[in-house]
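Just so it is clear, A, B, C, D and E label the chains in written order, and each chain counts residues from 1 on its own.
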Amino acid sequence: MLGSGLLQGLKVTAKNLVGSFHDPERLTTLEYPEQKAKLPENYRNFPFLVSENATDPMGTLRCVGCQICEKECPPQCIYIEKSKDKKPDATGKMQVYPVVFDIDTSVCMSCQICVEVCPFEAIKMDQVFEIATKDRFTALLLDRNQLAKPNSYYHEIHPTEAAEVDARLLAERKAAEEKAKAAATPKPAVAPTPSPTATAPKPPEAPAAGGTPAP
Amino acid sequence: MIGATSFSPLLLAAGAGADSFLERLPLVIRDTVAGVFPAPLQWLVGSTLSIVAIVAIFGGIFAGLTLVERKMLGRIQNRPGPNRTGPMGLLQPIADGIKALTKEDIVPRSADHLLHYLAPVALLAFSILTFAVIPFGRNLVPLELDAAVLYFFAAGAASELAIFMAGWASRNKFSLLAAMRALAQLISYELPLLLSFVPIIMLAGTLSMTGIIDAQAGWQLGFIPRWYIFTPWGFAAFVIFLIAALAESNRSPFDLPEAESELIAGHLTEYSGFKYALFFMAEYFGMIALSGMAITLFLGGWRAPLPFLEFIPSYAWFGAKLLVLLLFFIWIRGTFPRLRIDQLTRLAWKFLVPLALVNLGTAAFWSLTSGWSGALQLVRWALTIAMVIGPFVLLGRGLSGTHRPRTYRYA
Amino acid sequence: MTIPFLIIAFVTLVPAAVAMALRNLIHSSLLLIASWAGIAAFYFWAGAEFVAFAQVLVYVGAVSMIVLFAVLLTRHTRIDAGLAPDSIGRALAGLLAGGAVFGVLLGAVLSTPLRVGAKAAAQVPVKRLGLELMNHHTIALLAIGILLTVSLLGAVVLAATDSKGKGATP
Amino acid sequence: MSGVEPMFPSPSSGAHVNAVHDPFHGDLLEVSMGPHHPSTHGVFRMMVTLDGETIVKLKPVFGYLHRNHEKLGENTSYLGSMPYTDRLDYLNSMTNNWAYALAVEKLAGQPVPERAEYLRVILAELTRLLNHVCLAGFLLQDTGASGTPLMYAFREREKILDLFESLSGSRMMCNYQRFGGCRVDASPEWLAGAQTITNNFGRFLDEYEELITGNEIMMARTQGVGALTPELAISAGITGPMLRATGVNYDLRKVDAYGVYSRFDFRVPLGDHGDTYDRYMIRILEMRESIKILQQALPALPAGPIMDPKAKIRGFRPKAGEAYGRIEGPKGEIGFYLISDGSPNPYRYRVRPPSLVNLTVLEDMCLGQTIADAVIILGSVDIVLGEVDR
Amino acid sequence: MMETLEQVRDRLLARFPGGEVTLIANPGPAAQHSLALGLNQAAAMALFLRDDPDLRLDYCSNVTGVDWPEKEIVESTKVTVPDPAGGPAKVVEQKTKRIQPGYLEVVYHLYSMALKHGPVIVRLRTGNRHDQVTVPSFTPVWRSCEFQEREVFDLFGVKFSDHPDLRRILMWDEFTAHPMRKDYVEPDDYEWEPTPHGTVLEKAKAHYPATAVAAPTAAVGAAHHTPAAAAVTTAAPVVRSDTGLETRATPAPKEGTP
């Protein structure tokens, strides 16, 4: 019959109209400023630099300025200048640190390749998305101080991932300690003792010496 | 609302609740206001009072309607609709009004300035003129005309002129295309609109609105009101009238003149600011007027549907029926896609006009056989229903042609 | 001669005159439609409501569309055809023709016995109008009906052949 | 050069005609629809020459979103181009990633573990659901239904996008596949979420079909509009649902049987008339087939690594050579043709865009139709300008 | 299923004695070898590939342009040089420098929808990279090449004879260069982005006269920058002031554009 398809259509819209008053499935709007959406744990926005603790962020940056992320970043939005001198990092090993570490958030597309290629777990993806500014140039160029956030914050936003990273760092520091202890003890005994074959750590490895990461 | 010049006492005695205080309220207001002025001016004051009342009340209904439409469309689409301005979005119409007023009114340099300015004014004028004859309540008949129905459609017919002026004056390709489409659509739907209520004139025997409403007085079998919609030919005429009314007021399946997806905003492309709001208001006034007409012709005007509900004042019934019809218009807008211009005109000429003509025959048969009673009554009903359904199915098959949901093979 | 009659006469005649003078065809056709509305107002003033509504419905509603379409289909919406230089002969011919028509009209108006000052015509209800038409003037009514249907069918046939005649798309 | 007589000449070649007075039709009106037009799905322009309402000539003009994606590919490493493939057809980032990963794996002969193959099939079918739901919504929006079908479609699409966000971190820019596997493993909660969404999707489709498919106005507006013959479709290289709507049985998931598609049984719907209604219905039926695949793949997801242990993230240098990898994307065959000369950057990085090739026959379909049909025909071709302009 | 590429080449040679068909090996693991067709009979050969009952390659999936610029190939060949003093023949490395002439190449990937078999890859090579750049168009044979060949013409500059509508498809018509060629130099006055690396900054500074940099016009309020970031971007907003934008050299409109 000619009108039957039209009547079916009217029935569906009527069902949705009535449904929107009682069935949550049929009223899906989230009124943003009052109700905030619960972000999934893997959500990623712009990167941030991980520092061991919150008290002295610049001092305990994990980043050693190896510039791997600068080379690998597709839109080339990271800019690093290394320091001339060295300073002890979390494990006591003397490491170079970045004097200038800029990320141009107007160019960065938060693709997290820098997180993937960073061997020191120094850069992670943040979950802050309310970062609109009026200034078009300098406010979008985040420098070292604006990027650094403590490891505790990292545990807040990515709990499971942070736990894995800390476990791995701890294991590596323990392995490096044994190697350092093993290398230190045989000095008095001349006979060369077979150095314990530590598992092949990741290439530029920082031997751990104390300084357990703040929980 | 009570400037009725020839105030016939017949009206007063008709309904039981006729003399309740609320019923006579409009008359009391008119007499008190007119009483202040000297005698010769009283008629003039009465008329201006009814004009002011119509424009105020229906301006308010227009504002409310824009909000109701957006909220109902929102709810159909699983979203709450405007709720930021005012408690439940109630101040949204005011916000829209202010926005329309403050928006810059851009007139393209190559436009025909005089016509560009006149188009919205003419369209709004003609659509407000049609409110002069609609009986809103027992004592709320603005103008008692003998040929009121003809006046209504005469005033409505000139709106095509205004839309053409808008389309032509904007000097814009899309507006020109839209003006051509609008003319084709309005002219081809004028015929089914007029033809659909001719049987009612035939049965009611008069062209005046109050006459038609009186013809629909009384109840069958105690509780079914004697409205024309409850007769088979009346229902068919009502459906044709609604489809044609949708097309006349450029509403949903027929909003071709301002089809967003093809002609951007059609003949309204070059309008902005308050002129655009005027076009918008004219469209809504047209829709309200046509629904008022449908109520008067088919749903018994301001009559109560059940005898024991007589105590509710008549204009409340008119408002309720108006609300139901307007919600139905919005419901249709939320559901159907748009027709193409040639399908639209084919629907008018090959489907609605023949159906309306056949409906004339059915109504004639219905009025001739009004004398039958008892068993013949059933035969009469059956025959009329057959005379309505038959052509509908035949013409329907011709119209839909090869359009049928298809089955698909799988590889 | 009451004031409303003068106003209506003014509303009818002036747009017609201005329409002739304008260059823009669309403007002049709209003014023509305005003068038709003036005629409808005249019927209203004379008390013949039914005829006034019919006039508005038919002329302002439908015939105006035909006029506008005719103007659109002929491509020049502005009269840009050069006017021939005005010579005495053409002016004389114009005056002569105008004078002759005016003479005939004036004669007809003066010869008919107008009862000036008669009381306003009674309000004729539409029902009596309808009965009058169907009893005494049925033949005329049916003739007009047939004429209109024939013209409608003619238009449909013309339109149909036109689309078939379009033949091969480019 | 021997002039070969073309079997399917392109209808009215040459630049667009300006409004001329045609003796038979009278004035032709040349209208430019776009690049700023409400229904061109992005920055796309159609120079349409009209006789009244029927279209006499239609020249698509695009290139407004051209970023020279392929030159970028040549100046960035293989891994660096992966996030850029999200921006090709920005509605289906997972299938773009998979096509690029497949091509690079073919170039370097890189094996992929079982679990990753299953994950890729699951995510590709979810993306197909996304894309077809989007099309169904936009097509109805073009025919004039004021937003209602589009909102129902987007309500379902959001659920799937939330799945992608909780897995890869971003709703539409997933950057999820790597050469030799996937980046993040799917947690059990994620799999449970995917299972419920797949089960409910069938109910949504039934309600959607009840609203649209039987609708007389929709049938009148789309049946017989923009018909395409199978021979022209094959010669013009049309792929995807648009091709299958003309009745040609060519679905890369069956033809190439890449990934682990050969382990699932699903059917390929075929149309008969190749018009807009068929293209719409084929996509609805393909959604039902994708649900069937998902319901087979989700429980059968094997345990194991999601990344081939020997796959290198940095310093990835495939041996010199070339490879062309292609998959059945929601819009058609999306392929990547890579020539490598042993350096970390590809020597030539070419994307085979289904949207651009499907546009070749836009003019053939639109000739003789009205301007309202041209809008729907463009909608049913389902183009995304990111992919057309690259 | 499908005959090997060698069989196809032999049948082509048999069918078109005048034409040249050479097999190009693909060293990579994908092992997708290709056929290079001579330009004189290419269109006829393509027709044969499409209509041959065994092949029926009726679907041209992908048309790609590749730019091979002049390359200096250094071959070190081991040559045994007899020692004039009669000693043992010494094996000496001889480096012969050879300039391989550059050419533009168009690669077609052909599939068969009827018989559902895999790619036959066909390559057409132009004479050189500047004047002999004409190649027979395959659009009359497969309609799918129409837009893709226009793109190769637009981005590489390969002219296709017999193409129905050879115009630029992505760039605007007045654009003269071919961006995908290896030796394409992008104009340095395009919309300038203050990327921190400043590589673009140096190029832009070199473009603008030194005076513009020295006297920082206050258009963008350069004064209040924090010193830390200033080192990198101070010059940026100055150069990027509104006047900077105006000097962007829009491509000069040619008289009498077609």
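Assorted remarks:
As a working rule, a contact is a pair of C-beta atoms (placed from the backbone, for glycine too) under 8 Å apart; a residue touches a chain by one contact, two chains touch by 3 or more.
Keep in mind it's a predicted model, so treat the numbers as computed, not measured.
The chains in contact with chain A and with chain B alike are D. Of all chains, C has its CA centroid at the greatest distance from the CA centroid of chain D.
Chain closest to the overall centre, judged by the mean of its C-alpha atoms against the mean of all protein C-alpha atoms: D. When the C-beta pairs in contact are tallied for B-C and for D-E, the bigger tally goes to D-E. Our note on geometry: chain C versus chain E, Cα centroid distance of 73 Å, whole angstroms.
Note on chain placement: the centre of chain A and the centre of chain C lie 83 Å apart, centres being C-alpha means.
Centroids of chain C and chain D (each the mean of its C-alpha atoms) stand 61 Å apart.
Separating the centre of chain B from that of chain E, both taken as means of CA atoms, is a distance of 65 Å. Touching of two or more other chains is recorded for residues 148, 152, 155, 211, 214-219 of chain D. In chain A, 2, 6, 9, 12-13, 16, 28 are the positions where the chain touches two or more neighbouring chains simultaneously.
Against chain B, the residues of chain C that register as touching in their complex are 24, 26-27, 30, 33, 49-50, 53-54, 56-57, 60-62, 64-65, 68-69, 123, 125-127. Within the complex formed with chain D, the residues of chain A that make contact are 2-6, 8-9, 11-13, 15-16, 28, 40-44, 68, 72-74, 109-113, 116-117, 125. The touching residues of chain D, counted against chain A in their complex, run 76-77, 79-84, 86, 148, 152, 155, 158, 162, 165-170, 173, 175, 183-184, 207, 210-212, 214-219, 313-314. Within the complex formed with chain C, the residues of chain B that make contact are 112, 114-115, 145-147, 150-151, 153-155, 157-158, 160-161, 164-165, 168, 183, 187, 190, 205-208.
Within the complex formed with chain E, the residues of chain D that make contact are 1-10, 13-15, 62-63, 66, 68, 70-71, 106-109, 232, 234-239, 248, 250, 255, 318-324, 326, 333, 335, 337, 339-340, 348, 350, 352, 356-357, 359-361, 389-390.
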